[in-house]
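Both of the next two complexes hold chain A, though its partner changes from chain B to chain C.
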Partner chain A sequence: MNEIVEQIGVCIERGKVNQSSPYPNDMKGQVGADELAKEALGAGVGPDEILSACNDGMKRIGERFSRSEVFVPELLMAAKAMNAVMAHLKPYFQTGAVKAKGKLVIGTVAGDLHDIGKNLVAMVVEGNGWEVVDLGVDVKAQKFIDAINKNPGCVVGLSALLTTTMANMMKIVKDIKSQLPSTRVIVGGAPLTQKAADEMGADGYAPNPQGAVAFLNSAGQV
Partner chain B sequence: MTDHQWDLLKKTIKGEVSDPLPIAFIIDSPWLPNWYGVKILDYFSSDELWLKANLKAITDFPDVMFLPGFWSEFGMCTEPSAFGARGTFPPNEFPFAHKVIRSADDVDELPTPDPRIDGLLPFMLNRLKLAQPKIEAAGHKIRFAVARGPLNIASYLMGSTEFLTMMMMQPDKAELLIRKITDYLKEWLHLQMETFPTIDGIFLLDDIIGFMGAEQFRQFGLPYFKELFDANVSVRFLHNDAPCRESAPFLPEMGVNLFNMGFEVSLNELRQLTRNKVALVGNLPPRDVLASGTPEVVAAKTRELVGSLKDKSMVIMSCGGGMPPGVSTENIKSFLEAVRKH
Partner chain C sequence: MNLLETAIEGNVFEVHIKYDDLRISRREVELTLGYMDAEIPPHFSGMIDDALLELKGRCEIKAGYRLTEVARPPGRYDGLLVGGNFLRMDKIVTSQLKKSERAAVFVCTIGSSMETWARGLMKDGDPAMGYIADTTASVAAEAVTNLLHDHIGERMLSQGMRITNRYSPGYCNWSVSEQHLLFSLLPKDFCGVTLSESALMSPIKSVSGVIGVGTLVRRKDYICDRCGVKDCTYRSKRPAATNQKTSHIETSGT
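Here is the complex of A and B:
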């Protein structure tokens, strides 16, 4: 039993999504996170245990990313493998057998179509037991506000890649804070710094997905 | 750029040290229209306003090399438009291109555009052609053939997550896409050079390079950039303000001799990474300092930057990345003054 769980963690770390996935090359033809999660649940492994293995795998790849041993493409593949597992675990979240830690509404700000950072954060955060409402890219303030109203108590994550869209991010933070002041907002993206986040009035800044998870876990759920 | 500025740029690339240090900024639609006092859409749709804004920049800051200088562009829509990407142009926000590739299978069917007639490129080229007499009357010449790089365009055509995932899952399709874009870009650069014989430089902008590791860049970036920079020109300029530690050692092999980077890597470190073979354009923090700082903060941080240089050859003072929105005339003057006085 432990072996399957461990293998799930390895598949997450290596980005092995399923058997038909050709990536990574040295695992070609082997079963992936998708099949293993299904098998584990069928064998009676608890969803919490599977989720914990996923977290371990993501933690390992995240650490390697921080050490520049792997890069965004590898991280994306790990997140994709994590998503494959989450598809199997979703029903357990819905029934309450596994309780979500909270809810993150996330989107790339208006004028910016870059989705890498946003997707990575969404996938890693979801893998850490948070429910994610992904608003996509080029998201205007009103869309965030509508989503917050629909998901009371959520945390909001704003992403931007372009230096040029930072002004939009600032405006969105301001709009959210003026209309829904108790909403906690975390920002991230290549051009961001802690200083810029502070100036915007954001509650948190994360330079990477792990930072976002740390912020969310410390922020908890209202 | 004037003849004097072009000579200064070439001398700096060759290693000659100037006193004061040369100063350059990449300027385009994120900064120029609002600085000039017009909306971004007006800047894009009026050739006259576009020209006046550029002329004001060179008149107000005669000692600054503006790179590429009189850049005729339509933001991120420019190159993807030739592939049929829908462009969205809000009145005073940055335009962007929508995806045209939904899956890896679409790559096979993607046509190679003709830059002479497709998308916004004819407008871009013709605007420059019509403005050429006035640009030259102002003492400047068109010096650069300019394009966004193949990885950047691929990410616009497909979505960056999808493109980077395709690199891992279907590398042959990813390479086919980059091949098609590179072929198109070669024609586009060639057309610009053919239209303006004064062009003696190639300027490529690509920040998707920054998301890759060295091995990935070696496969998906290096061969294509080598082809694109393989031209008989004096200046081969690359902009990547995303992370660059992995790709910087490849710059000499790519043919790059001038590089504008983000602000997170110091010029001293970059000099080592590029084995002192590439002139560097940078790298004051663009948003936190140049745009948001007071003139005094800009001056202090600029002095700090110049003072940090272990070697003043092959360096052009600038910000890390292009000129961001909202940089005031006062802050630019403060930057210039601080460099001059150091």
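Here is the complex of A and C:
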């Protein structure tokens, strides 16, 4: 039993989605995360245990990404394998048998269309057991505030790539904090630094997707 | 490379660039994906080949520029008068363009078909292929910009003038909101590129900016060390990776 669960984690880390997936090369023809998740549930493995294995797999690939041992495509393949498992776990989330760790409302700030980084964070965070509400790109403060009101207790993630949209990010953080002061806000993106995040009043700064997960998990979200 | 150009009106020119002019290699895309020293898994190399094949059919290149006057208002170091509009460029860009006698205000695009395809792939559950398609499109947009930049350089050289590096709103502390002023210097919907209220270009895979022209200016190999934005996404790019003279490219949408 443990072997199947462990293998699910390996498939997530390696991005092995299912048997027909040719990636990665050295796992060609082998069963993937999709088949293993189905088999594990059929054998009576608890969905929590499967989710935990997924989180471990995502954590490992996230750490390798942070060390520049792998790049965005590998991370996206891992996210795809994760999604294959999540499709099997979805009914358990709906019945409440498995609970999401919390909710992240995420978006690229007004004045910026770049969404690759934001999408990566969303996928990795989701793969770590969080529910994600993705507001898209070029998002103004009011849209974030509306989403927070619709999702009480959520954490908010702001992304930017353009150096000059950091001013918009600062305004959005200030608007959120002035209207909904208890909302935790995390920021990230190429031009950001911890110093910039502190100056704009954000609660956290994530230099990469794994950093966002670490912040969220430490935030103790309900 | 000799590219054809057509005068649209006054000093506004459309430059004709074909897909075959771009000569994008798989390696260029690999480098942009980050595989500089690490070996790329063969699966992703295959995906790049697929994306490049798709690019050929989806590239809708348009490029052009307007030549206009440049002046530096006395005592001001935060921008220049370009075509009669004061562009507040911050001191980094201003200092690089201050010796220009004229400016080429440019825009170019590869159209929206690649971005639509890439988004569709991401939405339909193939994020890795979508990302590689998007990156390939970005490489193509930069390749178009490089060709346009080189073309403007050759045209100006034939008139005894030289050019500077290119600069775009959104980078080097030049606010992206200045796009509206920049676009006001060009004919309406020039090259099919439009601006949103937040000054973002559509199609996304478009590049706009300013190149200085004059007898006292020059194009430099590497200028990122002049810029205070240490965490800029383009800082880590090497000229070899992007196949261009300036490593600090200023794309607004790529």
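Here is the rule we use: the second predicted complex is superposed on the first by the 221 of 222 C-alpha atoms of A that agree within 3 Å, B and C clash if a C-alpha of one lies under 4 Å from a C-alpha of the other, contacts with A are read in each partner's own complex, and residues count from 1 in each chain.
The criterion applied here is as follows: a residue touches a chain if its C-beta (ideal position, glycine included) is under 8 Å from a C-beta of that chain, and two chains touch if they have at least 3 such contacts.
Given the structure is predicted, the values throughout are model-derived calculations rather than measurements.
**Student:** In the superposed model built on chain A, check whether chain B and chain C fit or clash.
**Tutor:** With chain A aligned, chain B runs into chain C, so clash.
**Student:** Could you tell me if A:22 is touching chain B, chain C, both of them or neither one (first, second, both, neither)?
**Tutor:** A:22 contacts both chain B and chain C.
**Student:** Once the shared chain is lined up, is A:199 touching chain B (first), chain C (second), both, or neither of them?
**Tutor:** first
**Student:** Please indicate which partner A:83 is in contact with in the superposed arrangement: first for chain B, second for chain C, both, or neither.
**Tutor:** second
**Student:** Examine A:94 and indicate which partner it touches, taking first as chain B and second as chain C; both and neither are also allowed.
**Tutor:** Neither partner.
**Student:** So, A:191: does it touch chain B (first), chain C (second), both, or neither?
**Tutor:** Both partners, chain B and chain C.
**Student:** Identify the partner contact of A:178: answer first if only chain B is touched, second if only chain C is, both if each is, neither if none is.
**Tutor:** neither
**Student:** According to the stated criteria, A:73 is in contact with first (chain B), second (chain C), both, or neither; which is it?
**Tutor:** both
**Student:** Could you pull out which residues of chain A sit against chain B in one structure and against chain C in the other?
**Tutor:** Common interface on chain A, chain B vs chain C: 15, 22-23, 68, 70-74, 76-77, 80, 110-113, 116, 119, 138, 161-165, 167, 190-191, 193.
**Student:** For the complex, give me every residue of chain B touching chain A.
**Tutor:** Against chain A, chain B makes touches at 30, 76, 90, 93-94, 96-98, 155-156, 159-161, 164-165, 167-170, 207, 210-213, 216, 241-242, 245-246, 262, 285-288, 292, 321-322, 324-326.
**Student:** Under the touch definition given earlier, write down the residues of chain A that touch chain C in their complex.
**Tutor:** The contact residues of chain A facing chain C are 15, 22-25, 68-74, 76-77, 79-80, 83, 110-113, 116, 119, 123, 138, 161-165, 167, 190-193.
**Student:** Can you list the chain C residues touching chain A in their complex?
**Tutor:** Those residues of chain C that touch chain A are 33-35, 38, 41-44, 47, 122, 125-128, 131-132, 134, 169-177, 196, 198-200, 204, 229, 231-233, 252-253.
**Student:** Please output the residues of chain A touching chain B within their complex, sorted ascending.
**Tutor:** On the chain A side, the touching residues are 15, 21-23, 68, 70-74, 76-77, 80, 110-116, 119, 138, 161-168, 190-191, 193, 195-196, 199.
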